[in-house]
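Have a look at this one.
Labels run A, B and C following the written order; every chain starts at residue 1.
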Amino acid sequence: MKHLAKVKNKIGQYILVIFVTLTINFALPRLAPGDPLLYFFGETTINELTAEQKQEALHSLGLGGSLWEQYWTYLKGVFTLDFGTSIKYGVAVTEVLAERIPWTLLLVGTALILSLVIGVSAGAYSAWNRGKKRDLTILTGMLTLESIPGFWIGMMFLSIFAVQLGWFPTFGAVSMVQDGTTWGYIKDVVSHAILPVLTITLATVGSNYLLTRSSMLESLGQDYMTVAEAKGIKKRALVFKHALRNALLPIYTHFTLSVGTLLGGAVVIETVYSYPGIGRLLYESVTARDFPMLQGVFLLVTMGVILANLIADLTYPLFDPRVRNRKEEKGEEITHA
Amino acid sequence: MRKTTKWIGLTGLVLFSAMLIFAIFGPMMIPYDAYKASGPPFQSPNLEHLLGTNDMGQDLLAELAVGARTSLFIGIASAILAVFIGGLIGVLAGYIGGRFETVVLRIIDIVLTLPFLPLMIVVAVYMGAGIFTLVFVITLVMWAGKARQIRAQTLSIKHTGPVLAAKTMGASHFYIFYKHIIPGVVPIFIPQFVTGVNAAILMESSLSFLGMGDPLTKSWGSILFYANSRSAFLTEAWMWWIIPPGVCIVIVVLAFSLMGYYLEERFNPRLGDYSVREKRKKQLVKTKEHHSSKGVLLSVESLTVAYPKSGDYRSVVDDISFAVKNGEVLGIVGESGSGKSTIATAIIQQLKRPAKESGEIYFEGNLVQHFDDEGLRQMRGKEIGYIAQAAMNALNPVIRIDKQLQEAIRAHYQLSAKVMDERVVEVLQKVGLDEKWRFAYPHELSGGMKQRVIIAMALINKPKLVIADEPTTGLDAIVQVEIVQLLRKLQKELGISMIYISHDLPSVLSVTDRLMIMKEGRKVDEGPSVELSKLSTNPYTRVLIDSIPTLYPKKETVEVSR
Amino acid sequence: MSADLLRINSLKKSFYRSPSLQTKVLSDVSFSMKEGEIVGLIGASGAGKSTIGRIISGLETADSGEILFVGNELTKMKAKVRRQLAKDIQMVFQDPYEALSSRMKIHEIVAEPLHILQIEKGNLEQRTQLVKEALRSVNLEPDYYMNRYPHELSGGERQRVGLARAFVCKPKLILADEPTSMLDTSLRLDLIRLMKKMNEQEGTSYLFITHDIALTRDFCDRLIVLKNGEIVETGETLDVIMNPVHPYTKTLIEALFILENHGG
């Protein structure tokens, strides 16, 4: 019961977040100094427009009328999934988004799972061997990895494996020319995805590792570990059933949350590899001053984050019986100690 | 461990200082202007240009040094701002509480939910590229996390003894704030700042790499931005253009990570003192055959356990010898710090590292120190049951009671699920718990019930010896008595030997046959419980006995049935 | 031993975990204390005894009810006025390891009430005298202890510092919230004796909150037994111990009896 109430509370917060995002989207172009059209058309074009044309442009961009009217039209657009037309592509923003989403999910999804598996196993191994040479070696390695900016790993990989060695393609998600077979297509997609996936994995594995290590150490130091060991259970059960089982709780939360963050975080890595995902789209919209697109991407990513948060909240009780609470709380003792 | 931690922190400091020196003095020492062409483009390193030149013929080393200033400035400035703003808001929210706190927390939650990189990009696009835009957006996404952590710290200080005490003394808010809250919170600003710089420099490089930095000022990120947009990979000189700025970023971030790691280990003892014990090799176990003939189950011979303290080893258990016979209950009594619990963990060989142990412990005539890991495992739980302190944490919070009990059986016997469940029900009944509780999780049980489960767990394999380490501490008076009576009953019923460790003399006297009194790691007195309590002339024993508060005026002729 | 020092009238308090979940901690508690009296407040954990102490000391507010201290109604008082009364009501806490600030030296800790209440303001010498006197009254040699930090002291010594801090402004009432429960057995009676001594010398009253009935026998004049936020029995200490009326009190005392007689 308690947990459900908490989730309800959280949903209220998420609605607030969506609202804030929408408002940021709405407010920024209007708050920015100077003529809003300047952002949309650039200096040269704007001087060629007549006053009427300007007015029309303002309207088509939702910038005409009073602020409240504008806001209303804007909100209406959002709820009917109409984010306007992309300036760069000349088609609906949603259309472009739909095309790009699968690629980002492919990269981020694969990388997240790899990073989780590697990070958790290395973290658990390291914690169990705390203070030994192998722990310190892995720890130093992971701390170093944590310190490398993801895009730089990408640049290095690109230079070495794609350009110098020629093992992998240098850009994009698929080749221009296909041999027509499904198998060939899959191979092509995989070869394009390997470097970016590897890069995202390396850039995120450190935080999974560090979190696992520290929460493992925390549970290893608990009284229940002493008791479990005193029962004479085997080392494997001690590590996996008792220590890791408890350590997984914060890791799970971290994992679900990073799904959302990575959607947006992939922007630098997709840029390095010119990979046609959401992140790259964000970057392209910035350079092309494609503001409707920019707003659409930002909104989409925020929704992704919120969805991930919501899933984390709803599924957390599966992992932690303490918040499951089948019955009403029983007369718990209240002490001030 | 301590030493390595210090060493790690020092490494971080050295790396950072080196980079700082490079940023301050580099631009003065390098004879080229980073913003002007000083040679032909795409040069490989040579004597004139130590790192070569870029596509415009600018000296790369000079760029790097100028970039160091920008990157470090942005990193440090945003971290200071974020910690300062976050700190102020966090402290106020934590201290004032109420509606103000709720609102602040809501805002923090919202900021933390927003995807930070896209948010920064979107804001930066509208603000226009530049150093202050970068500082602004980094601060914008970073203050919230800092505020949350500093609020938590403030909150915990607010409820500590000194603050409560000052309140009851009639202290004003101002007094409490500047005398207790501020001095308590400011120390955590330092690690917050360190992790802040770390994150800020990474963010700066990412943003500059995407072209959000000042196009006219060089930073490490923007050098890479130009390298990327001008396809540095395709040239011969790519290595000299791409690697150095990346390495610089890694060095600075790593430096702050290492310092952060040091500060964390030093000021946040959350990670506990766990460290793994050495693996034990198989060896011939030394035996004392005559023990079994004399009915001695456990014999401890001049056991000494020492832990390092300020460079030296300090004994917590000092030359202790005793024996437990079959069916006998030995009480070990002492006040906190007397080393009594250490004896318990030494018997089951679960001393926390880095303990130094000497002396011999024989169980059934076999020297347990010679057991290998598997031998010890088979002894634990099967031959020797261990009842831990009635701490809240003795049961694993995420595993159901029946699973935890079954696990204790399965560690030593292979039984069918049905038989195991029967065994679980039986042992729960024995400790006075309804069988339905086996489907519960620990948090659904009261303190006394948890302790019954722990007792059930220790007895489930019918061990020969049970060690009960302060089994009643932390329980209510009435529950304490119930637990003591339960232990007594079970011990008699099963005829097992027991070591009962406690600081609570009355309960020990009611359970034990023989008593050992400890003080500061040494044995000060030993003898049959009743005689010891009435006749001992040892001054320390007398102090302990006489300081027991009694309900009824002491009569010299207390009827004793045991 | 004449006028009421403290009078509590139908004190009520609930904690709200959420709007739907409310836990009653105190339901209608009333009692009074005379000047110079030592009253023991007994009960298991969760009985609400600590909450009473915290409400009187002002750390928590009651939902309803009155607290009269020498005729002054505390609950309706403005915070500023109430602070003046702090001189007469001091508190001793349960955990000696937590109650003293690790950043302050012993003499600073003991002098803190003087500082806060601006007693002998500007007169450093007089203050030092008061601190020394307070330390001596708890058998701590001032010259040895004044300039030490709490971490250099044992648990028993720390708790005595806590007591000295309460004594230093010579309050009329000391609220002692389980001051002995974290101490080793051999030190408990020592602390009780020190408190008793102050009662005999200065007439200090105590509200002694504890779960340990045995400790109250030689210390308290009167006992109040609390269960689930209600007073179930009151009376002279020895009366309650020898002839408990309420079944709960009987169980409490029986439990101790069993132990004292080594399990019978």
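Note that in this section a contact is a pair of C-beta atoms (placed from the backbone, for glycine too) under 8 Å apart; a residue touches a chain by one contact, two chains touch by 3 or more.
Small disclaimer: the values here were computed from a predicted structure and weren't measured.
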item	value
Maximum inter-chain contact count - chain pair	A-B
Nearest-to-centre chain - CA centroid comparison	B
Distance between the centres, which are taken as Cα means, of subunit C and subunit B, whole angstrom	34
Separation of subunit A from subunit C, taking each centre as the mean of its C-alpha atoms, in whole Å	54
Between subunit A and subunit B, centroid-to-centroid distance (C-alpha), Å	30
Sites on subunit C at which at least two other chains make contact	45, 95
Multi-chain contact sites of subunit B, meaning residues that touch two or more partners	none
For subunit A, residues that touch 2 or more chains besides their own	333
Interface residues, subunit A side, partner subunit B - complex	13-14, 16-17, 20-21, 24-25, 28-29, 31-32, 39, 128-132, 136, 143-144, 146-152, 155-156, 158-159, 163, 170, 214, 217-218, 220-235, 237, 241-242, 245-246, 249, 260-261, 263-265, 267-268, 271-272, 282-283, 286-287, 294-295, 297-298, 301-302, 304-306, 309, 319-322, 324, 327, 330, 333
Subunit B-touching residues of subunit C, taken from the complex the two chains share	44-45, 57-59, 82-87, 89-91, 93, 95, 98-101, 103-104, 112-113, 116-117, 155, 162, 165, 175, 184-190, 211-215, 217-218, 241, 251-253, 255-264
Touching residues on subunit B, where the partner in the complex is subunit C	160-162, 164-172, 175, 180, 183, 335-336, 476-478, 480-481, 484-485, 488, 503-507, 509-511, 529-530, 543-544, 547-552, 558-562
Subunit A partner contacts - residues on subunit B that touch it in the complex	1, 4, 106, 109-110, 113-119, 121-123, 125-127, 198, 202, 205-206, 209-211, 221, 224, 227-228, 233-234, 238-239, 242-243, 246, 249-250, 253-254, 257-258, 261, 270-276, 345, 348, 350, 373, 377-382, 385-386, 388-389, 391, 393-400, 407-408, 410-412, 441, 443-444, 446-447, 454, 457
